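The following blocks contain the structures, represented as structure tokens.
Look at the two complexes coming up: subunit A is in both, with subunit B in one and subunit C in the other.
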Partner chain A sequence: MSAVANKNARVAWLFVLPAIVIMAAACLYPVISAVRLGFYEWSMGTPWSQARWAGLTSFQIAYTEPAVWSSLWTTLKFASVSVTAEMALGIGLALALEGNIRGQAAFRTLFILPMMVAPIAVGLTWRYLFDAQFGLINAVLGVFGVAAKGWLADESLAFAAIIIADIWQWTPFVFIMVVAGLANVDGSILEAARIDGARWWTMTMRVKLPMIAHVLAITLVMRLIDAFRVLEVIYVLTFGGPGASTEVLSLHIYKTAFIGQKLGAASAISVLLLAVVMVLTWLALRMSNPLADSEGDR
Partner chain B sequence: MTAGLELIGVTKRFGANTIVDGVDLAAVAGEFLVLVGASGCGKSTILRMIAGLETVTAGRILIKGRDVTGARPDERDIAMVFQNYALYPHMSVAENMSFALSLTRTPKDEITRRVAAAARILGIEALLSRKPKALSGGQRQRVAMGRAIVREPSVFLFDEPLSNLDAKLRAQMRVELALLHKRLGKTTVYVTHDQVEAMTLADRIVILERGVIQQIGTPGEVFNRPRNLFVAGFIGSPVMNMFKGTLTGADCVELAGTRAVVRLPHPVTKRSAPAVVVGVRPQGLALSDTADAILRMHVKVAEYLGTETVLNGTLSGSDEPVTSVAVGDHGDLAGREVGLSIDPHHLHLFDAESQLNLIH
Partner chain C sequence: MRSRLALIGRYAALLVLAALCIGPIAVMILTSFKTQAQTFDTGLTFFFVPTMENYRDVIFDASFGRYLVNSLVVGIVATLATLLLGCMAAYGMARFSFAGRKALAYTTLMLRTVPLAVIAVPVFMIWSDWRLTNSLLGLILLYIAVNLPFTIWLLYGFVLQVPVDLEEAAAIDGCRPWRVLLRIVLPLIRPGLAAAAIFTFRIAWNEFILALVLTDRATRTLPVAASLYVTDIGVEWGKLMALASLIALPPLAFTFLAARQVISGLTAGAVKG
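Entry: the complex of A and B
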């Protein structure tokens, strides 16, 4: 590199440096303070100066407590089932509503509405829907002669309920991502495939979906990250119960911090959640990196 | 002789707009047909109807005598090369070329053999494992042709395949296309708006205007005997000069605004109103300072191109635009007035009303 170019590069860095510093601080500060909190014993509401250095104690307690690992297991089950269902349904709906179906604009708008509802409201809505006595779901089931179920009182039904609520809210996200991805696919490639003899199934599995692989990957990552951090809907719907059947990791962190008043332990568990999410993100990005050049020729 | 491809009264309407109107066309097996016309005249629509990507509103399409009007694209025994190549971005070159064969459950070793053979013809053997993204424009173009060749179709369809390439590569690929056609001998329909491609590649040229065929003929026929004013103006570069005139006798035309009287090589036999248009190719207007210089031109721009000079200006007297091509360097003529003689062999006469050629 020539001296002039070198100098220009340095000047350029100077210009973007403030932005980088602010970005880094805004991203890293909460992470660092959460991690730091894990090394202290501190009661909320007291001055930080009264915090006591506790070393790795919180981490030891947090990571040996069975409730942490069982809530992690619950989170894993929740995330894998709901995200798999959301991906399948979202992709299926996007493919079904592709093309010139009459009224598809209205359809699409209808489909993305759930995503715009605040999670707390989603939780409340579903809580009423699942209500054993007054809920719409039991009422509808009753019409078909199915006996009323205590949805939120039964361990596996409650687990199903939180998954149903999540699917209802987040399938639309997958749907619009896939619709946008498909809309970007060059139509003449699909025509070339028609001439090559690809029918619906081949077209979908060997042409369309592979061509939007990067969109699918980033959608999957975003849904997984969100599913691992899920809190509000479950907080309102079941508050982790019955028993600990729907107590996902973030709810466990919440309870540890604000009910158990163990901020150090809560922070220590947060680090575990952070690690899981980071590993997932890294895995998905390695499969197909949306930030690198996309494979498409456009 | 069986036609490789036949279109009978093919019509396409989008809503109330008739885009292609009653096209009748027959290509002898192995013939290279070129569809030319201005942008939006319906060339791609015709090609897409042949491919089965677009339904026909009326008419029939036959391939090797078989009616394929309602057949799926893959049942028509055709292959198409798209303007933007339309390669599958997630597949390697070899996978792109073998996709169609793999869908018809062609045996693996035959697929390999056919892909290798096509790659050898096109000189892309070294690229077989690459993804389209890692190819240059010219290489992608070859892969797109390879994908078509591998299928060994009865009819090749090309939609402006060279228009995304730079001028030099385009000229090179044009020659390769001609050689490829000679080698494979398959019926080909080639769409372009580039008349050089049309003239050099075609066995016959089909000239379209607003979805209607204006003329079908060999390059020589459409150049030397344009059926009407549209064809005369479309084929040939620079564009043919068109002067308004009046028939004053069976073989005499007086040009409007000038006192010039042009003598026709043959008397006009077709009946016509006196109002006519005289067409002269720029190559048929020669610089002259003798008595046969019946026109005078005020030269505004003289473009020296190496072997010839294109003179642009106006006719003295009528101020109509006129273009002449003179052999050699005449760059110094700009701003001057020169005499022009007309070569009767480059002369065309059109009825001003019907626009039809009155001589040929």
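Entry: the complex of A and C
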């Protein structure tokens, strides 16, 4: 690309510097501080100069706490169950409903609505839907003769509830990604397979899915990253309860810091969450790095 | 005949799916028009005389106006600033080669996925030091920073698609680089700008964990107010759903207005085109 021959570095820095300054001050610096804070003892409301070096104490305390490991386990369960269900449903629906359909644009608009609703509204709405006495879900189950359940009062039902809400909100994302991927598949290859007599199943498993494997992989990793970071909807829907049955890592960090006032411990746990998310992000970048991978680098 | 049945089946399935997607949103909106007594009926009442009482109570609450203005200021300023800085950075990275470009690209993308719970604690500490807590500016800065990585990523792809010849012709005519960006590139990447604007506004308008930690009575945004409402007034579902509907409205409206841009933003990076 010839314009990258434009090597006027001073002009380039003028373009990128403002963004760098803000990202460094309000995102990178806080991340570094989160890690650093884990090594200090400091209480909220006092100046940072009064913080004391505490070495690995916070990490020792945090990582010997069973609550941390149980919330990591909860997060792992949440991420694996919800993302598996979303991928399976999203891919299945996209394959079944693919093809030229009238009103495609309208359907797609309706499908992306759940993702756009504020987490606070999603959490509140599902709390109302799952309500034991007057919630719609028990009412619908009642029609089929199922006894009313105390969804948010029972540990495993509450866990099911946060997964159902997540599936509702994010299956459409997988659906949209797969549809977009399929739309980009070279039609002549599909045509050739069809002439060779491939049936729908063979066609799907041997031709279509392998051709969009890259899109599927990126979608999977993006969903996993979001599932590990999940916080706001659960904050409103269950606030981690009953007990600690729905307390995912992000919520555990929030509670440790702002309710338990244990900032060192919260930071030590943050390092754990950060590590998981960064590994997944690195994986995603290996698959597709839109910024570094451009023609400009070649 | 068989294909006709298959077609009907497909439409039926699509309609069911659409209903499932809209169902909870519809319940939220319907409930917001119910009286307190009606919200405690069993869930299966869809026909009732709507009341505006919840909206009246929510909107004429003494603090609602302030929270709404805070949310609007934070959402609009953060979106405009993110677009401006994001455009400049995307253009700089797409059209210039300079030392550290690759490191910058990687750092930017790694920052895109930082969990907000991780930065909530240190930000609270740093913002206290810098006297930015309880100010809208503090919140705006954060929303710019967490939205920039995605915005740069998205716009970068759009800038790459702008024909370089156009820019070079303008440069030969004596256009300085920032004028090339303003006159030639910006008009051509408008769809990208729209997508970036919707996604940034969505985060800044919807987010409530950082806002909860960093704001007080004077600087609270609407989602924070809603999250505190739950404990303040117990479960007055009608009012809660009215407030939730009001918060949900702008991003939903943008989606209807620019669905294509939203989809291009969602699939950016994974799918070409």
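The working rule: the second predicted complex is superposed on the first by the 249 of 298 C-alpha atoms of A that agree within 3 Å, B and C clash if a C-alpha of one lies under 4 Å from a C-alpha of the other, contacts with A are read in each partner's own complex, and residues count from 1 in each chain.
Definition applied: a contact is a pair of C-beta atoms (placed from the backbone, for glycine too) under 8 Å apart; a residue touches a chain by one contact, two chains touch by 3 or more.
Note that the structure is a prediction, hence the values are computed from the model and not measured.
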item	value
Touching partner for A:A265 - first (subunit B), second (subunit C), both, neither	neither
First (subunit B), second (subunit C), both or neither touched by A:E232	second
Partner chain(s) touched by A:A198 [first = subunit B, second = subunit C, both, neither]	first
Dominant toucher of subunit A (residue count), subunit B or subunit C	C
Which superposed partner A:L129 touches (first subunit B, second subunit C, both, neither)	second
First, second, both or neither for A:L113, with subunit B first and subunit C second	second
Touched partner set for A:L72, first subunit B, second subunit C, both or neither	neither
First (subunit B), second (subunit C), both or neither touched by A:I163	neither
First, second, both or neither for A:L152, with subunit B first and subunit C second	neither
Subunit B/subunit C common contact set on subunit A	295-297
Footprint of subunit A on subunit B - complex, ascending	51-53, 72-74, 78-80, 82-90, 99-100, 103-104, 131-133, 140, 147, 151
Subunit A residues touching subunit C - in the complex, by the definition given at the top	1-9, 11-16, 18-20, 22-23, 25-31, 33-34, 37, 42, 44-45, 47-48, 93, 96-97, 99, 101, 105, 107-122, 124-126, 128-129, 133-140, 142-143, 168, 172-173, 176-177, 180-181, 183-184, 214-215, 218-219, 222, 225, 228-229, 231-232, 235-236, 249-251, 253-254, 257-258, 263, 266-267, 270, 273-274, 277-278, 280-282, 284-285, 288-292, 294-297
Touching residues on subunit C, where the partner in the complex is subunit A	10-11, 13-14, 17-18, 20-22, 24-25, 27-28, 31, 39-44, 85-86, 88-89, 91-99, 101-102, 104-126, 128-129, 141-142, 144-146, 148-149, 152-153, 156-157, 160, 164, 167-168, 177-178, 181, 202, 205-209, 213, 223, 226-227, 230, 237, 240-241, 244-245, 247-248, 251-252, 254-256, 259-260, 262-263, 266-273
Residues of subunit A that touch subunit B when the two form their complex	186, 188-189, 191-198, 202, 206-207, 210-211, 213, 293, 295-297
